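In the two complexes that follow, chain A is the common piece, with chain B as its partner first and chain C second.
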Partner chain A sequence: MIARTTARIRGWGRDLMDWMEERTGIVSLTEKLLYEPTPARGRWLYTLGSATLFLITLQFLTGILLLFYYVPTTDNAWDSIHYIMTQAYFGRLIRGMHFWSANLLLFVIGLHMVRTFLSGSYKAPREMNWVVGVFLILIVTIMAFSGYALRWDQEGFWAWEVGAMISSYTPLIGSWVITTLLGGDTAGPATLSRVFALHVWLLPAVLAPLIGVHLYLLRKHGEFGATFEYSERLAALRKRRQMEETFGSVEEDGQVADAGDHSQEG
Partner chain B sequence: MPEELQKDPLTRRQFLWMGTLGTFTGVVLTVPSAVFVLDPAIKDVLLERSDVPAEWKEVGSVFEIPASEAVEHLVEFTQKQTYDAGEPAVNGTGAKVETMTNAVLLSWRDGKLPSVLSTRDEGPLPKTQIKELERDLNALSNHCAHLGCPVRWSSETQDILCPCHGGIYDINGDHTGGPPAHGLWHYVSRIREDGTILVKHEFYVQQKGQIGPGVKTKPYVV
Partner chain C sequence: MVDIRYGPREPVEEGEVVTEENVFDHYDEPQGFFPGQVVADLTVSTFLLAIVVVLAYAVPAPLTEPMDISTTVYVPRPEWFFFFLDQWLLYFPGAALIAVGDVIIPGLFVILLLAIPWLDKEPAYSPARRPFVTVVGLLVITVIVLNMLLALLRIVNFTGGTPAG
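After this line comes the complex of A and B, so read on.
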């Protein structure tokens, strides 16, 4: 009885997945997105990129939530954060996640970069992914720095002031850079508006597509070291894909299964 | 060779047209947004305007500054930025006027009390004495010449110190140690007949030992 019910439910599930796959390609897409061979040696070190992606996603999500309360004006910025921390339900948790995961993010990016460097993953043909990564870390650093200033407390204010003054030492265009960052020749309401615009709109808008390019390039070339360490597995995978394209899905031993059965793991 | 690779060959005329149209579209799309964002830089750097109106503010009296000490005075400047632009608001209530607080470090050149002050402790002061006092007065910005942290007078060491990166200045604001590239900024100042000191939100840098206004600059004081 139980066995029959389980089988029936499994059958429905499979039908539903087949129906979705036929119309959206969701199953094959998920397989394509989730499965990536990584080198056997130092396998856990190859999760640092995913950890970075997770933390960035967490930043986006908690950041959106904080925007329900944060007020980007010199009069109210600090008070609105004080409200989040003391009055709003789960305010401490949401802001704490945003704050601590931002700190952790920079740390994990550092580790990710060290791993990439030490494993030689920046070498041909992956140079452009390293370059994109450098732009990503720059943007994340400016985001962390501008997030610090958004609190508009003594620490954040002076940090932004010092940062802006550093920018004023840029050769030839120093005064243009600092006045653009301050929104004038003094720090005031315009400064906070600018920091807000940078932190919440401009930089995330640049960051998101660059993350896309970073991931696309990773998938295009695969993890470094994966090809020779997994050559056998890759050969088998290619053979299977070829079979699938010709006959539909195949069993582990290469036998052709029922057409349209995609419940097989990739 | 490249021509063979072209799926849809272009004539010279078409190429030039595309180039012209592309440049025009590019300019129309980017210039307004870039100028919009750079508005403060254009106004400050190119047109040499300031967020702070050039008005004189009182910061104490010459009779209050002791020898061998720098005393700190706070001064409120009107600041016009974005919604605090000082223009009447649409609803007719008038925009709120935003101010910013700056600190001024007042001292006498080399910490020596001017001879005028050893004989008198109140105004009115004659013009010649005012000139002498103005020459000896240091009205320094507390904005460090390195990266803008607020500096303080230290009585024990007879120095002006920056807490951030260890910039050191003497009582005249001249750079004596640490990373700053030059001495502290001096406020443009004057002294009234009754001995009141007035400062404007304008600054100059003096060479070491120089007396009187040096090169006018913007310190981006906060």
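After this line comes the complex of A and C, so read on.
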């Protein structure tokens, strides 16, 4: 009885999977994504990318929660953050997580970039993934800077003001840049609206699809890893080269095909 | 059932000729993304989450006094990821040089970063086998870290204006 019921449930499960596969291809896609070969030796080294993705996800989640209380007006911005920190349930935890994960994110993304640089993982055919990664780092940095200003406290505001003033020295477009960042000639309500739009809408809207492209390119070309992932194959290549130098070209079965020095053939 | 594709089992398959073209085609020791890499990724993410939660409680996110636009003495402190640019400004004094120090040079640096895959012509991947690129990269990292430390020292020892934080 139990065996028959179990078999029936298994049958239903299989039917459901087949039905889903036929209509969406979800089963084969999941298999392809989950069971793709990845390098095993330096697996901990390659967690920097997923750690970056995790921290960005944490930023999105905690940021959305902060939006429940944050008010982006000059009269209420500081008060709303003070309320989050002192009155809102888990407000101090959520804002603290948003703040610290942003700082960790910048650190981890830097390490990820250094690791990619040192292992030469940007070489063909992975050039475009490096380019997308550089844009991601720039966007994350601007997001962190704009988040600093959203506090609308002395430190955040004046840091934004100084940053905006420095950008006004940009050749040719300086005046346009500062007007855009401040929302006018001087800092005021329009500035906060601009910073809010930048931090909450514009930059995440650019960031999210770029992360998608970064991941797509990673899966398309595969993780390169580092040269120690290929040390035995590289050793085999060196050995073949040495044999070729000594005996001439070597065929698949290891036989000497074209000996430059015929006396070697015996 | 699930067809688990770990890739070739042996670093060099029987009868395979390893060439410059195929040497990086597969790893010596492959593993399936699941569970091998997923477990490592989840472990690190869990560790990071724990750090973030502990820090969130132990060191609350900062909030200084409300913005006062009439202030004339407040000296803002940059976030640590801008320490380098803050220090860099000191080497380019005067309004005429601000653009060079904080806009033009960083802009060129970003362009160089984007162009690295095409500038690095060395066929080798190992950092030891492409010494020029590696040394330049490590020098850039050293300059950035040293300038960040210099900025940190300057900010910590700063006594003028309203103390930040």
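FYI, the second predicted complex is superposed on the first by the 189 of 266 C-alpha atoms of A that agree within 3 Å, B and C clash if a C-alpha of one lies under 4 Å from a C-alpha of the other, contacts with A are read in each partner's own complex, and residues count from 1 in each chain.
The rule is simple: contacts are C-beta pairs under 8 Å (C-beta built on N, C-alpha and C of every residue); 3 or more make two chains touch, one makes a residue touch a chain.
Predicted model only: the values in this text are computed from it and were never measured.
Enquirer: Please indicate which partner A:Val71 is in contact with in the superposed arrangement: first for chain B, second for chain C, both, or neither.
Expert: After superposing on A, A:Val71 lies clear of both chain B and chain C.
Enquirer: Of the two partners chain B and chain C, which one touches more residues belonging to chain A?
Expert: The partner making contact with more of chain A's residues is C.
Enquirer: Looking at the overlay, what does A:Trp100 touch: chain B (first), chain C (second), both, or neither?
Expert: second
Enquirer: Can A:Arg151 be said to touch chain B (first), chain C (second), both, or neither?
Expert: second
Enquirer: Would you sort A:Leu58 into first (chain B), second (chain C), both or neither based on which partner it touches?
Expert: Once the two structures are laid over each other on A, A:Leu58 reaches chain C alone.
Enquirer: So, does A:Ile142 touch the first partner chain B, the second partner chain C, both, or neither?
Expert: Once the two structures are laid over each other on A, A:Ile142 reaches no partner at all.
Enquirer: Quick check for you: in the superposed arrangement, does A:Met243 touch first (chain B), second (chain C), both or neither?
Expert: Neither chain B nor chain C is touched by A:Met243.
Enquirer: With both complexes overlaid on chain A, does A:Glu127 touch chain B (first), chain C (second), both or neither?
Expert: second
Enquirer: For A:Thr180, decide between first (touching chain B), second (touching chain C), both and neither.
Expert: A:Thr180 contacts chain B only, not chain C.
Enquirer: Contacts for A:Ile211 in the overlay, against chain B (first) and chain C (second): which applies, first, second, both or neither?
Expert: A:Ile211 contacts neither chain B nor chain C.
Enquirer: Between chain B and chain C, which residues of chain A are contacted by each of them?
Expert: In chain A, residues 74, 157-158, 161-162, 166, 187-188 are touched by chain B and also by chain C.
Enquirer: So in the complex, which bits of chain B are touching chain A?
Expert: That would be residues 37-38, 40-41, 43-45, 50-52, 79, 81-84, 98, 100, 146-149, 164, 218, 220-222 of chain B.
Enquirer: Can you list the chain C residues touching chain A in their complex?
Expert: Interface residues on chain C, with respect to chain A: 2-7, 11-12, 15-20, 23-24, 26-34, 36-38, 40-41, 43-45, 48-49, 51-53, 55-57, 59-69, 71, 74-82, 89, 95, 98-99, 102-104, 110, 113-114, 116-118, 120, 122, 124-127, 130, 134, 137, 141, 162, 164-165.
Enquirer: Using the touch definition from the top, list the residues of chain A that touch chain C in their complex.
Expert: Touching chain C from chain A are residues 31, 33-41, 43-44, 46-47, 50-51, 54-55, 58, 74, 78-79, 81-82, 85, 92-101, 103-104, 106, 108, 114, 117-124, 126-127, 130-131, 134, 138, 141, 144-145, 148, 151-159, 161-163, 166-167, 169-171, 174, 187-188, 224-227, 229-234, 236-237, 240, 250-253.
Enquirer: Tell me, which parts of chain A touch chain B in their complex?
Expert: On the chain A side, the touching residues are 74, 157-158, 161-162, 164-166, 168, 175-180, 182-191, 193.
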